[in-house]
Amino acid sequence: MLTFIYLVAIVAEGMSGALAAGRRNMDVFGVAVIAFVTALGGGTVRDVILGRFPIGWTQHPEYVGLVIAAGLLTTLIARHMHKLRRLFLVVDAMGLVAFSLIGCEVALRLGYSIPLVIMSGMITGICGGVLRDVLCNHVPVVFQRELYASVSVVVCCLFLGLDALGLGETVSTVSSFAVGLTLRMLAIGRGWRLPTFSYQQRWE
Amino acid sequence: MLTFIYLVAIVAEGMSGALAAGRRNMDVFGVAVIAFVTALGGGTVRDVILGRFPIGWTQHPEYVGLVIAAGLLTTLIARHMHKLRRLFLVVDAMGLVAFSLIGCEVALRLGYSIPLVIMSGMITGICGGVLRDVLCNHVPVVFQRELYASVSVVVCCLFLGLDALGLGETVSTVSSFAVGLTLRMLAIGRGWRLPTFSYQQRWE
Amino acid sequence: MLTFIYLVAIVAEGMSGALAAGRRNMDVFGVAVIAFVTALGGGTVRDVILGRFPIGWTQHPEYVGLVIAAGLLTTLIARHMHKLRRLFLVVDAMGLVAFSLIGCEVALRLGYSIPLVIMSGMITGICGGVLRDVLCNHVPVVFQRELYASVSVVVCCLFLGLDALGLGETVSTVSSFAVGLTLRMLAIGRGWRLPTFSYQQRWE
(Lines give C-alpha, C1' and ligand atoms only; values in the text may rest on other atoms or scores of the structure.)
Protein backbone atom coordinates (compact mmCIF):
# COMPACT_ATOMS: atom_id res chain seq x y z
CA MET A 1 0.00 0.00 0.00
CA LEU A 2 2.67 2.49 1.05
CA THR A 3 4.67 1.44 -2.00
CA PHE A 4 1.77 2.31 -4.30
CA ILE A 5 1.30 5.67 -2.60
CA TYR A 6 5.06 6.15 -2.81
CA LEU A 7 4.94 5.70 -6.59
CA VAL A 8 2.05 8.14 -6.92
CA ALA A 9 3.93 10.52 -4.66
CA ILE A 10 7.19 10.54 -6.63
CA VAL A 11 5.19 11.12 -9.81
CA ALA A 12 3.50 14.11 -8.16
CA GLU A 13 6.82 15.42 -6.85
CA GLY A 14 8.37 14.97 -10.29
CA MET A 15 5.57 17.01 -11.84
CA SER A 16 5.97 19.74 -9.23
CA GLY A 17 9.69 19.81 -10.05
CA ALA A 18 8.98 20.12 -13.76
CA LEU A 19 6.69 23.11 -13.19
CA ALA A 20 9.37 24.79 -11.07
CA ALA A 21 11.90 24.20 -13.87
CA GLY A 22 9.45 25.71 -16.36
CA ARG A 23 9.22 28.87 -14.29
CA ARG A 24 12.97 29.24 -14.83
CA ASN A 25 12.68 28.51 -18.57
CA MET A 26 14.90 25.46 -18.32
CA ASP A 27 15.45 23.10 -21.22
CA VAL A 28 14.03 19.57 -21.14
CA PHE A 29 17.22 18.26 -19.60
CA GLY A 30 16.90 20.73 -16.74
CA VAL A 31 13.27 19.66 -16.38
CA ALA A 32 14.33 16.02 -16.06
CA VAL A 33 16.99 16.83 -13.46
CA ILE A 34 14.74 19.02 -11.34
CA ALA A 35 11.96 16.41 -11.53
CA PHE A 36 14.42 13.76 -10.40
CA VAL A 37 15.86 15.86 -7.58
CA THR A 38 12.43 16.91 -6.30
CA ALA A 39 11.11 13.35 -6.23
CA LEU A 40 14.16 11.39 -5.10
CA GLY A 41 16.35 14.05 -3.47
CA GLY A 42 14.70 13.72 -0.06
CA GLY A 43 15.41 10.01 0.12
CA THR A 44 18.96 10.64 -1.09
CA VAL A 45 19.73 13.16 1.62
CA ARG A 46 18.19 10.84 4.22
CA ASP A 47 20.22 7.84 3.10
CA VAL A 48 23.47 9.83 3.06
CA ILE A 49 22.82 11.28 6.52
CA LEU A 50 21.89 7.88 7.94
CA GLY A 51 24.88 6.29 6.18
CA ARG A 52 22.61 3.87 4.33
CA PHE A 53 24.37 2.66 1.20
CA PRO A 54 23.55 1.79 -1.51
CA ILE A 55 21.12 4.67 -1.69
CA GLY A 56 17.53 3.49 -2.27
CA TRP A 57 16.82 4.63 -5.82
CA THR A 58 20.19 3.40 -7.13
CA GLN A 59 18.72 -0.08 -6.80
CA HIS A 60 15.52 0.97 -8.56
CA PRO A 61 16.37 2.69 -11.85
CA GLU A 62 12.74 2.19 -12.84
CA TYR A 63 11.81 4.83 -10.24
CA VAL A 64 14.22 7.25 -11.90
CA GLY A 65 12.64 6.54 -15.28
CA LEU A 66 9.14 6.99 -13.88
CA VAL A 67 10.00 10.32 -12.32
CA ILE A 68 11.72 11.69 -15.42
CA ALA A 69 8.83 10.51 -17.60
CA ALA A 70 6.42 12.31 -15.27
CA GLY A 71 8.52 15.46 -15.52
CA LEU A 72 8.66 15.41 -19.31
CA LEU A 73 4.98 14.58 -19.63
CA THR A 74 4.28 17.64 -17.51
CA THR A 75 5.86 19.88 -20.13
CA LEU A 76 3.25 18.62 -22.61
CA ILE A 77 0.19 18.98 -20.41
CA ALA A 78 1.34 22.02 -18.43
CA ARG A 79 -1.21 24.39 -19.93
CA HIS A 80 -3.98 22.21 -18.47
CA MET A 81 -2.36 21.66 -15.08
CA HIS A 82 -4.24 24.47 -13.35
CA LYS A 83 -7.46 22.53 -13.95
CA LEU A 84 -5.96 19.72 -11.91
CA ARG A 85 -5.01 22.05 -9.07
CA ARG A 86 -7.17 20.29 -6.48
CA LEU A 87 -6.04 16.80 -7.44
CA PHE A 88 -2.44 17.95 -7.53
CA LEU A 89 -2.57 19.37 -4.02
CA VAL A 90 -4.12 16.18 -2.66
CA VAL A 91 -1.51 14.00 -4.34
CA ASP A 92 1.28 16.29 -3.14
CA ALA A 93 -0.05 16.05 0.42
CA MET A 94 -0.25 12.26 0.13
CA GLY A 95 3.36 12.30 -1.04
CA LEU A 96 4.49 14.37 1.92
CA VAL A 97 2.82 12.00 4.37
CA ALA A 98 3.97 8.83 2.60
CA PHE A 99 7.56 10.12 2.36
CA SER A 100 7.53 10.94 6.07
CA LEU A 101 6.28 7.48 7.09
CA ILE A 102 8.81 5.76 4.82
CA GLY A 103 11.58 7.90 6.27
CA CYS A 104 10.56 6.85 9.79
CA GLU A 105 10.58 3.19 8.88
CA VAL A 106 14.02 3.37 7.29
CA ALA A 107 15.58 4.98 10.37
CA LEU A 108 13.74 2.60 12.72
CA ARG A 109 15.11 -0.42 10.86
CA LEU A 110 18.64 1.01 11.09
CA GLY A 111 18.26 1.26 14.86
CA TYR A 112 18.44 5.05 15.20
CA SER A 113 17.04 6.79 18.28
CA ILE A 114 13.54 8.30 18.34
CA PRO A 115 14.59 11.91 17.62
CA LEU A 116 16.56 10.69 14.62
CA VAL A 117 13.60 8.64 13.40
CA ILE A 118 11.45 11.76 13.41
CA MET A 119 14.17 13.78 11.66
CA SER A 120 14.54 11.01 9.10
CA GLY A 121 10.84 11.18 8.29
CA MET A 122 10.99 14.95 8.00
CA ILE A 123 14.14 14.96 5.86
CA THR A 124 12.53 12.47 3.47
CA GLY A 125 9.38 14.57 3.36
CA ILE A 126 10.84 18.01 2.73
CA CYS A 127 14.39 17.80 1.33
CA GLY A 128 13.28 17.10 -2.23
CA GLY A 129 11.39 20.38 -2.30
CA VAL A 130 14.26 22.20 -0.61
CA LEU A 131 16.75 20.98 -3.23
CA ARG A 132 14.30 21.89 -6.02
CA ASP A 133 14.06 25.45 -4.71
CA VAL A 134 17.81 25.80 -4.19
CA LEU A 135 18.50 24.63 -7.76
CA CYS A 136 15.86 27.04 -9.03
CA ASN A 137 17.46 29.83 -6.98
CA HIS A 138 14.55 30.45 -4.61
CA VAL A 139 14.30 30.55 -0.83
CA PRO A 140 12.70 27.14 -0.07
CA VAL A 141 8.93 27.53 0.14
CA VAL A 142 8.62 24.90 2.87
CA PHE A 143 10.17 27.42 5.26
CA GLN A 144 7.52 30.01 4.55
CA ARG A 145 4.25 28.45 3.37
CA GLU A 146 1.23 26.89 5.06
CA LEU A 147 1.89 24.02 7.47
CA TYR A 148 4.01 21.61 5.50
CA ALA A 149 7.09 20.41 7.30
CA SER A 150 5.18 20.51 10.57
CA VAL A 151 2.66 18.07 9.08
CA SER A 152 5.61 15.77 8.52
CA VAL A 153 6.64 16.05 12.17
CA VAL A 154 3.09 15.42 13.38
CA VAL A 155 2.79 12.33 11.18
CA CYS A 156 6.09 10.90 12.42
CA CYS A 157 5.30 11.53 16.09
CA LEU A 158 1.81 10.10 15.76
CA PHE A 159 3.08 7.00 14.00
CA LEU A 160 5.70 6.39 16.68
CA GLY A 161 3.21 7.06 19.45
CA LEU A 162 0.59 4.66 18.11
CA ASP A 163 3.22 2.06 17.41
CA ALA A 164 4.54 2.38 20.96
CA LEU A 165 0.99 1.86 22.26
CA GLY A 166 1.11 -1.54 20.56
CA LEU A 167 -1.45 -0.82 17.84
CA GLY A 168 0.67 -2.58 15.23
CA GLU A 169 2.34 -1.15 12.17
CA THR A 170 -0.67 -1.28 9.86
CA VAL A 171 -3.06 0.57 12.15
CA SER A 172 -0.37 3.09 13.11
CA THR A 173 0.51 3.75 9.49
CA VAL A 174 -3.06 4.13 8.27
CA SER A 175 -4.09 6.34 11.19
CA SER A 176 -1.15 8.69 10.97
CA PHE A 177 -1.53 8.81 7.21
CA ALA A 178 -5.16 9.85 7.52
CA VAL A 179 -4.46 12.46 10.19
CA GLY A 180 -1.52 13.91 8.25
CA LEU A 181 -3.46 14.16 5.01
CA THR A 182 -6.40 15.80 6.76
CA LEU A 183 -4.15 18.25 8.58
CA ARG A 184 -2.37 19.30 5.39
CA MET A 185 -5.60 19.75 3.43
CA LEU A 186 -7.11 21.78 6.29
CA ALA A 187 -3.96 23.90 6.42
CA ILE A 188 -4.24 24.68 2.71
CA GLY A 189 -7.99 25.27 2.82
CA ARG A 190 -7.90 27.60 5.81
CA GLY A 191 -4.46 29.11 5.21
CA TRP A 192 -3.02 27.85 8.50
CA ARG A 193 0.55 28.93 8.96
CA LEU A 194 3.14 28.81 11.66
CA PRO A 195 4.09 32.14 13.21
CA THR A 196 6.67 33.95 11.12
CA PHE A 197 9.90 35.52 12.34
CA SER A 198 10.93 38.76 10.67
CA TYR A 199 14.22 40.36 11.49
CA GLN A 200 15.55 43.20 9.40
CA GLN A 201 18.24 44.79 11.57
CA ARG A 202 21.69 44.79 10.02
CA TRP A 203 24.39 44.85 12.66
CA GLU A 204 26.41 41.71 12.18
CA MET B 1 37.24 22.03 27.39
CA LEU B 2 36.84 21.87 23.61
CA THR B 3 33.51 20.12 24.17
CA PHE B 4 32.26 23.00 26.29
CA ILE B 5 33.39 25.54 23.73
CA TYR B 6 31.80 23.35 21.06
CA LEU B 7 28.45 23.55 22.84
CA VAL B 8 28.73 27.33 23.19
CA ALA B 9 29.72 27.48 19.53
CA ILE B 10 26.78 25.51 18.17
CA VAL B 11 24.46 27.69 20.23
CA ALA B 12 26.03 30.80 18.69
CA GLU B 13 25.84 29.31 15.21
CA GLY B 14 22.22 28.33 15.77
CA MET B 15 21.42 31.90 16.78
CA SER B 16 23.18 33.27 13.73
CA GLY B 17 21.14 30.88 11.59
CA ALA B 18 17.91 32.04 13.22
CA LEU B 19 18.70 35.68 12.48
CA ALA B 20 19.42 34.81 8.84
CA ALA B 21 16.08 33.00 8.65
CA GLY B 22 14.39 36.05 10.14
CA ARG B 23 15.81 38.24 7.37
CA ARG B 24 13.92 36.00 4.94
CA ASN B 25 10.71 36.12 7.00
CA MET B 26 10.69 32.38 7.54
CA ASP B 27 8.25 30.65 9.84
CA VAL B 28 9.45 29.08 13.09
CA PHE B 29 9.97 25.79 11.36
CA GLY B 30 12.29 27.42 8.85
CA VAL B 31 14.07 29.10 11.76
CA ALA B 32 14.63 25.71 13.40
CA VAL B 33 15.95 24.16 10.19
CA ILE B 34 18.31 27.02 9.37
CA ALA B 35 19.57 27.06 12.98
CA PHE B 36 20.21 23.34 12.76
CA VAL B 37 21.95 23.53 9.40
CA THR B 38 24.13 26.46 10.41
CA ALA B 39 25.27 24.80 13.62
CA LEU B 40 25.60 21.17 12.56
CA GLY B 41 25.88 21.40 8.76
CA GLY B 42 29.65 21.88 8.78
CA GLY B 43 30.22 18.69 10.74
CA THR B 44 27.76 16.86 8.51
CA VAL B 45 29.55 17.82 5.29
CA ARG B 46 32.87 16.91 6.89
CA ASP B 47 31.67 13.49 8.02
CA VAL B 48 30.16 12.70 4.62
CA ILE B 49 33.31 13.77 2.76
CA LEU B 50 35.54 11.78 5.12
CA GLY B 51 33.17 8.81 4.93
CA ARG B 52 32.67 8.83 8.70
CA PHE B 53 29.39 7.13 9.54
CA PRO B 54 27.32 7.39 11.65
CA ILE B 55 27.50 11.18 11.34
CA GLY B 56 28.42 12.85 14.63
CA TRP B 57 25.19 14.57 15.65
CA THR B 58 23.04 11.54 14.81
CA GLN B 59 24.48 10.00 17.97
CA HIS B 60 23.80 13.17 19.99
CA PRO B 61 20.16 14.19 19.49
CA GLU B 62 20.60 16.45 22.53
CA TYR B 63 22.84 18.68 20.36
CA VAL B 64 20.06 18.96 17.81
CA GLY B 65 17.63 19.93 20.57
CA LEU B 66 20.04 22.48 21.99
CA VAL B 67 20.58 24.12 18.62
CA ILE B 68 16.89 24.28 17.74
CA ALA B 69 16.11 25.68 21.20
CA ALA B 70 18.77 28.35 20.67
CA GLY B 71 17.26 29.22 17.30
CA LEU B 72 13.73 29.52 18.65
CA LEU B 73 14.86 31.49 21.70
CA THR B 74 16.51 33.92 19.31
CA THR B 75 13.14 34.77 17.76
CA LEU B 76 12.01 35.95 21.20
CA ILE B 77 15.03 38.04 22.10
CA ALA B 78 15.91 39.21 18.58
CA ARG B 79 15.03 42.83 19.20
CA HIS B 80 17.71 42.99 21.88
CA MET B 81 20.35 41.08 19.95
CA HIS B 82 22.13 44.17 18.66
CA LYS B 83 23.03 45.06 22.24
CA LEU B 84 24.89 41.76 22.38
CA ARG B 85 26.75 42.48 19.17
CA ARG B 86 30.20 42.34 20.73
CA LEU B 87 29.53 39.18 22.71
CA PHE B 88 27.99 37.55 19.66
CA LEU B 89 31.03 38.25 17.51
CA VAL B 90 33.37 36.84 20.15
CA VAL B 91 31.30 33.69 20.55
CA ASP B 92 31.03 33.28 16.78
CA ALA B 93 34.82 33.59 16.48
CA MET B 94 35.28 31.03 19.26
CA GLY B 95 32.96 28.75 17.36
CA LEU B 96 34.91 29.11 14.15
CA VAL B 97 38.17 28.24 15.91
CA ALA B 98 36.70 25.38 17.96
CA PHE B 99 35.01 23.87 14.88
CA SER B 100 38.30 24.04 12.97
CA LEU B 101 40.25 22.29 15.72
CA ILE B 102 37.61 19.60 16.10
CA GLY B 103 37.59 19.05 12.34
CA CYS B 104 41.38 18.59 12.38
CA GLU B 105 41.19 16.05 15.17
CA VAL B 106 38.49 14.00 13.44
CA ALA B 107 40.50 13.72 10.21
CA LEU B 108 43.72 12.98 12.12
CA ARG B 109 42.07 10.10 13.95
CA LEU B 110 40.79 8.67 10.66
CA GLY B 111 44.35 8.66 9.33
CA TYR B 112 43.93 11.23 6.54
CA SER B 113 46.95 13.08 5.13
CA ILE B 114 47.95 16.56 6.34
CA PRO B 115 46.28 18.52 3.51
CA LEU B 116 43.06 16.65 4.18
CA VAL B 117 43.33 17.34 7.90
CA ILE B 118 43.53 21.07 7.18
CA MET B 119 40.63 20.86 4.73
CA SER B 120 38.62 18.92 7.30
CA GLY B 121 39.13 21.69 9.84
CA MET B 122 38.14 24.33 7.34
CA ILE B 123 35.09 22.43 6.11
CA THR B 124 33.89 22.03 9.71
CA GLY B 125 34.51 25.71 10.34
CA ILE B 126 32.80 27.26 7.34
CA CYS B 127 30.32 24.86 5.72
CA GLY B 128 27.55 25.54 8.23
CA GLY B 129 27.57 29.21 7.26
CA VAL B 130 27.80 28.34 3.57
CA LEU B 131 24.74 26.08 3.76
CA ARG B 132 22.86 28.75 5.75
CA ASP B 133 23.52 31.31 3.04
CA VAL B 134 22.64 28.93 0.20
CA LEU B 135 19.32 28.05 1.88
CA CYS B 136 18.63 31.76 2.42
CA ASN B 137 19.47 32.41 -1.25
CA HIS B 138 22.56 34.57 -0.68
CA VAL B 139 26.11 34.36 -1.98
CA PRO B 140 27.97 32.90 1.03
CA VAL B 141 29.43 35.74 3.11
CA VAL B 142 32.50 33.74 4.07
CA PHE B 143 33.71 34.19 0.50
CA GLN B 144 33.53 37.95 0.71
CA ARG B 145 33.86 39.21 4.30
CA GLU B 146 36.73 39.95 6.65
CA LEU B 147 39.23 37.14 7.25
CA TYR B 148 37.10 34.21 8.26
CA ALA B 149 37.92 31.03 6.43
CA SER B 150 41.56 32.00 6.36
CA VAL B 151 41.49 32.13 10.18
CA SER B 152 40.36 28.53 10.05
CA VAL B 153 43.30 27.59 7.84
CA VAL B 154 45.78 29.43 10.09
CA VAL B 155 44.39 27.67 13.17
CA CYS B 156 44.64 24.23 11.57
CA CYS B 157 48.18 24.78 10.28
CA LEU B 158 49.36 26.19 13.60
CA PHE B 159 47.82 23.29 15.52
CA LEU B 160 49.48 20.74 13.25
CA GLY B 161 52.80 22.60 13.37
CA LEU B 162 52.90 22.82 17.16
CA ASP B 163 51.79 19.22 17.49
CA ALA B 164 54.56 18.13 15.09
CA LEU B 165 57.05 20.04 17.25
CA GLY B 166 56.06 17.71 20.07
CA LEU B 167 54.32 20.30 22.25
CA GLY B 168 51.49 17.89 23.05
CA GLU B 169 47.85 18.15 22.14
CA THR B 170 46.78 20.38 25.01
CA VAL B 171 49.40 23.09 24.46
CA SER B 172 48.91 22.95 20.68
CA THR B 173 45.16 23.25 21.02
CA VAL B 174 45.21 26.11 23.51
CA SER B 175 47.87 28.07 21.61
CA SER B 176 46.23 27.77 18.22
CA PHE B 177 42.87 28.57 19.78
CA ALA B 178 44.26 31.78 21.30
CA VAL B 179 46.00 32.84 18.11
CA GLY B 180 42.95 32.11 15.96
CA LEU B 181 40.58 34.00 18.24
CA THR B 182 42.92 37.00 18.38
CA LEU B 183 43.37 36.99 14.62
CA ARG B 184 39.64 36.90 13.95
CA MET B 185 38.89 39.69 16.44
CA LEU B 186 41.68 41.84 14.99
CA ALA B 187 40.35 41.19 11.48
CA ILE B 188 36.89 42.39 12.51
CA GLY B 189 38.22 45.36 14.47
CA ARG B 190 40.51 46.62 11.72
CA GLY B 191 38.48 45.43 8.73
CA TRP B 192 41.22 43.12 7.45
CA ARG B 193 40.22 41.41 4.26
CA LEU B 194 41.80 39.23 1.69
CA PRO B 195 42.32 40.79 -1.72
CA THR B 196 39.18 40.56 -3.82
CA PHE B 197 38.88 39.33 -7.39
CA SER B 198 36.43 41.16 -9.61
CA TYR B 199 35.75 39.96 -13.11
CA GLN B 200 32.88 41.36 -15.09
CA GLN B 201 33.65 40.39 -18.67
CA ARG B 202 31.03 38.20 -20.32
CA TRP B 203 32.52 36.09 -23.04
CA GLU B 204 31.93 32.53 -22.06
CA MET C 1 45.58 9.08 -21.43
CA LEU C 2 42.28 9.72 -19.66
CA THR C 3 44.26 10.67 -16.56
CA PHE C 4 46.14 13.35 -18.47
CA ILE C 5 42.93 14.71 -19.97
CA TYR C 6 41.42 14.55 -16.48
CA LEU C 7 44.20 16.77 -15.12
CA VAL C 8 43.76 19.26 -17.97
CA ALA C 9 40.03 19.14 -17.35
CA ILE C 10 40.15 19.88 -13.63
CA VAL C 11 42.48 22.79 -14.37
CA ALA C 12 39.97 24.14 -16.90
CA GLU C 13 37.09 23.62 -14.48
CA GLY C 14 39.06 25.33 -11.71
CA MET C 15 39.62 28.33 -13.97
CA SER C 16 35.95 28.46 -14.89
CA GLY C 17 35.12 28.40 -11.18
CA ALA C 18 37.54 31.25 -10.50
CA LEU C 19 35.93 33.43 -13.18
CA ALA C 20 32.49 32.74 -11.71
CA ALA C 21 33.81 33.75 -8.27
CA GLY C 22 35.22 36.92 -9.81
CA ARG C 23 31.81 37.85 -11.17
CA ARG C 24 30.61 37.83 -7.56
CA ASN C 25 33.62 39.87 -6.34
CA MET C 26 34.77 37.12 -4.01
CA ASP C 27 38.05 37.27 -2.13
CA VAL C 28 40.90 34.94 -3.04
CA PHE C 29 39.70 32.42 -0.52
CA GLY C 30 36.29 32.30 -2.18
CA VAL C 31 38.06 31.92 -5.53
CA ALA C 32 39.97 28.90 -4.21
CA VAL C 33 36.82 27.28 -2.82
CA ILE C 34 34.75 27.82 -5.97
CA ALA C 35 37.62 26.56 -8.14
CA PHE C 36 37.85 23.46 -5.95
CA VAL C 37 34.11 22.82 -5.95
CA THR C 38 33.76 23.32 -9.70
CA ALA C 39 36.61 20.96 -10.51
CA LEU C 40 36.17 18.25 -7.88
CA GLY C 41 32.53 18.66 -6.81
CA GLY C 42 31.14 16.43 -9.54
CA GLY C 43 33.31 13.51 -8.50
CA THR C 44 32.43 14.16 -4.88
CA VAL C 45 28.69 14.01 -5.48
CA ARG C 46 29.16 10.87 -7.58
CA ASP C 47 31.23 9.12 -4.92
CA VAL C 48 28.75 9.99 -2.17
CA ILE C 49 25.76 8.83 -4.22
CA LEU C 50 27.50 5.59 -5.18
CA GLY C 51 28.68 5.09 -1.58
CA ARG C 52 32.31 4.99 -2.69
CA PHE C 53 34.54 5.91 0.24
CA PRO C 54 37.15 7.26 0.59
CA ILE C 55 36.15 9.89 -1.95
CA GLY C 56 38.57 10.06 -4.90
CA TRP C 57 40.31 13.39 -4.34
CA THR C 58 40.83 12.78 -0.61
CA GLN C 59 43.52 10.31 -1.67
CA HIS C 60 45.05 12.83 -4.10
CA PRO C 61 45.69 16.11 -2.28
CA GLU C 62 47.90 17.07 -5.23
CA TYR C 63 44.76 17.39 -7.34
CA VAL C 64 43.34 19.80 -4.79
CA GLY C 65 46.54 21.85 -4.91
CA LEU C 66 46.55 21.86 -8.70
CA VAL C 67 42.98 23.07 -8.89
CA ILE C 68 43.43 25.82 -6.32
CA ALA C 69 46.64 26.95 -8.04
CA ALA C 70 44.76 27.11 -11.35
CA GLY C 71 42.03 29.17 -9.71
CA LEU C 72 44.44 31.65 -8.15
CA LEU C 73 46.50 31.92 -11.34
CA THR C 74 43.29 32.82 -13.13
CA THR C 75 42.89 35.92 -10.97
CA LEU C 76 46.25 37.14 -12.31
CA ILE C 77 45.65 36.47 -16.00
CA ALA C 78 41.92 37.12 -16.05
CA ARG C 79 42.14 40.26 -18.15
CA HIS C 80 43.65 38.20 -20.97
CA MET C 81 41.29 35.25 -20.64
CA HIS C 82 38.92 36.41 -23.38
CA LYS C 83 41.76 35.98 -25.90
CA LEU C 84 41.82 32.32 -24.92
CA ARG C 85 38.10 31.94 -25.40
CA ARG C 86 38.36 29.30 -28.11
CA LEU C 87 40.98 27.23 -26.27
CA PHE C 88 38.99 27.51 -23.07
CA LEU C 89 35.81 26.20 -24.67
CA VAL C 90 37.67 23.26 -26.21
CA VAL C 91 39.31 22.35 -22.91
CA ASP C 92 36.02 22.72 -21.07
CA ALA C 93 34.37 20.38 -23.59
CA MET C 94 37.22 17.87 -23.20
CA GLY C 95 36.68 18.07 -19.47
CA LEU C 96 32.98 17.38 -19.76
CA VAL C 97 33.62 14.31 -21.91
CA ALA C 98 36.52 13.01 -19.81
CA PHE C 99 34.54 13.47 -16.59
CA SER C 100 31.61 11.56 -18.10
CA LEU C 101 33.75 8.62 -19.18
CA ILE C 102 35.51 8.46 -15.82
CA GLY C 103 32.14 8.53 -14.06
CA CYS C 104 30.95 5.61 -16.18
CA GLU C 105 34.02 3.56 -15.39
CA VAL C 106 33.72 4.15 -11.65
CA ALA C 107 30.11 2.96 -11.54
CA LEU C 108 30.88 0.00 -13.82
CA ARG C 109 33.64 -1.17 -11.52
CA LEU C 110 31.30 -0.91 -8.51
CA GLY C 111 28.82 -3.19 -10.31
CA TYR C 112 25.97 -0.73 -10.72
CA SER C 113 23.28 -1.29 -13.37
CA ILE C 114 23.43 0.38 -16.80
CA PRO C 115 21.07 3.27 -15.99
CA LEU C 116 23.14 4.06 -12.91
CA VAL C 117 26.36 3.92 -14.94
CA ILE C 118 24.97 6.55 -17.31
CA MET C 119 23.76 8.69 -14.40
CA SER C 120 27.16 8.35 -12.75
CA GLY C 121 28.84 9.68 -15.89
CA MET C 122 26.43 12.56 -16.10
CA ILE C 123 26.69 13.44 -12.42
CA THR C 124 30.48 13.53 -12.70
CA GLY C 125 30.21 15.69 -15.81
CA ILE C 126 27.76 18.32 -14.64
CA CYS C 127 27.56 18.50 -10.84
CA GLY C 128 30.71 20.59 -10.46
CA GLY C 129 29.16 23.31 -12.58
CA VAL C 130 25.85 22.98 -10.77
CA LEU C 131 27.50 23.42 -7.36
CA ARG C 132 29.52 26.39 -8.69
CA ASP C 133 26.33 28.11 -9.84
CA VAL C 134 24.45 27.35 -6.61
CA LEU C 135 27.29 28.79 -4.51
CA CYS C 136 27.39 31.85 -6.76
CA ASN C 137 23.62 32.19 -6.39
CA HIS C 138 22.66 31.55 -10.02
CA VAL C 139 20.27 29.14 -11.67
CA PRO C 140 22.66 26.45 -13.00
CA VAL C 141 23.55 27.25 -16.62
CA VAL C 142 23.72 23.58 -17.58
CA PHE C 143 19.94 23.50 -17.34
CA GLN C 144 19.54 26.32 -19.85
CA ARG C 145 22.50 26.56 -22.23
CA GLU C 146 23.53 24.85 -25.47
CA LEU C 147 23.72 21.04 -25.39
CA TYR C 148 25.89 20.25 -22.40
CA ALA C 149 24.49 17.64 -20.09
CA SER C 150 22.99 15.85 -23.09
CA VAL C 151 26.50 15.53 -24.54
CA SER C 152 27.39 13.74 -21.33
CA VAL C 153 24.51 11.31 -21.77
CA VAL C 154 25.39 10.67 -25.43
CA VAL C 155 29.03 9.96 -24.51
CA CYS C 156 28.06 7.53 -21.76
CA CYS C 157 25.53 5.65 -23.93
CA LEU C 158 27.94 5.46 -26.86
CA PHE C 159 30.74 4.19 -24.64
CA LEU C 160 28.53 1.49 -23.15
CA GLY C 161 27.16 0.54 -26.56
CA LEU C 162 30.58 0.18 -28.20
CA ASP C 163 31.88 -1.70 -25.18
CA ALA C 164 28.91 -4.08 -25.33
CA LEU C 165 29.67 -4.71 -29.02
CA GLY C 166 33.03 -6.05 -27.86
CA LEU C 167 35.20 -3.24 -29.29
CA GLY C 168 37.34 -3.15 -26.17
CA GLU C 169 37.72 -0.35 -23.65
CA THR C 170 40.35 1.65 -25.55
CA VAL C 171 38.45 1.87 -28.82
CA SER C 172 35.19 2.55 -27.02
CA THR C 173 36.75 5.31 -24.95
CA VAL C 174 38.51 7.04 -27.83
CA SER C 175 35.50 6.85 -30.13
CA SER C 176 33.00 8.16 -27.63
CA PHE C 177 35.48 10.85 -26.59
CA ALA C 178 35.82 12.04 -30.19
CA VAL C 179 32.09 11.99 -30.84
CA GLY C 180 31.31 13.80 -27.59
CA LEU C 181 33.90 16.51 -28.20
CA THR C 182 32.67 17.05 -31.77
CA LEU C 183 29.05 17.19 -30.65
CA ARG C 184 29.77 19.76 -27.96
CA MET C 185 31.82 21.98 -30.28
CA LEU C 186 29.13 21.78 -32.97
CA ALA C 187 26.50 22.65 -30.36
CA ILE C 188 28.44 25.76 -29.34
CA GLY C 189 29.27 26.76 -32.92
CA ARG C 190 25.73 26.42 -34.22
CA GLY C 191 23.90 27.33 -31.03
CA TRP C 192 22.17 23.95 -30.75
CA ARG C 193 19.87 23.79 -27.77
CA LEU C 194 17.33 21.45 -26.35
CA PRO C 195 13.73 22.63 -26.48
CA THR C 196 12.94 24.87 -23.54
CA PHE C 197 9.97 24.63 -21.20
CA SER C 198 8.46 27.89 -20.03
CA TYR C 199 5.69 27.91 -17.49
CA GLN C 200 4.61 31.13 -15.84
CA GLN C 201 1.22 30.32 -14.34
CA ARG C 202 1.00 30.76 -10.59
CA TRP C 203 -1.67 28.56 -9.12
CA GLU C 204 0.07 26.25 -6.71
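A, B and C label the chains in the order they appear, each numbered from 1.
As a convention for this text, a contact is a pair of C-beta atoms (placed from the backbone, for glycine too) under 8 Å apart; a residue touches a chain by one contact, two chains touch by 3 or more.
Since the structure is predicted, the reported quantities are computational estimates derived from the model, not experimental observations.
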item	value
Touch-based graph of the chains, sorted into line, ring, star, complete or other	complete
Rotation angle superposing chain B onto its copy chain C by C-alpha atoms, nearest 5 degrees	120
CA centroid of chain A to CA centroid of chain B, Å	29
Residues of chain C engaged with two or more neighbouring chains	48, 134, 137
In the complex with chain A, residue positions of chain B that touch it	16, 18-19, 21-31, 33-34, 44, 48, 53-55, 58, 61, 64-65, 75, 78, 81-82, 85, 88-89, 134-137
Contact set on chain B toward chain C in their complex	48-51, 112-116, 119, 130, 134, 137-140, 142-144, 149-150, 193-201, 203-204
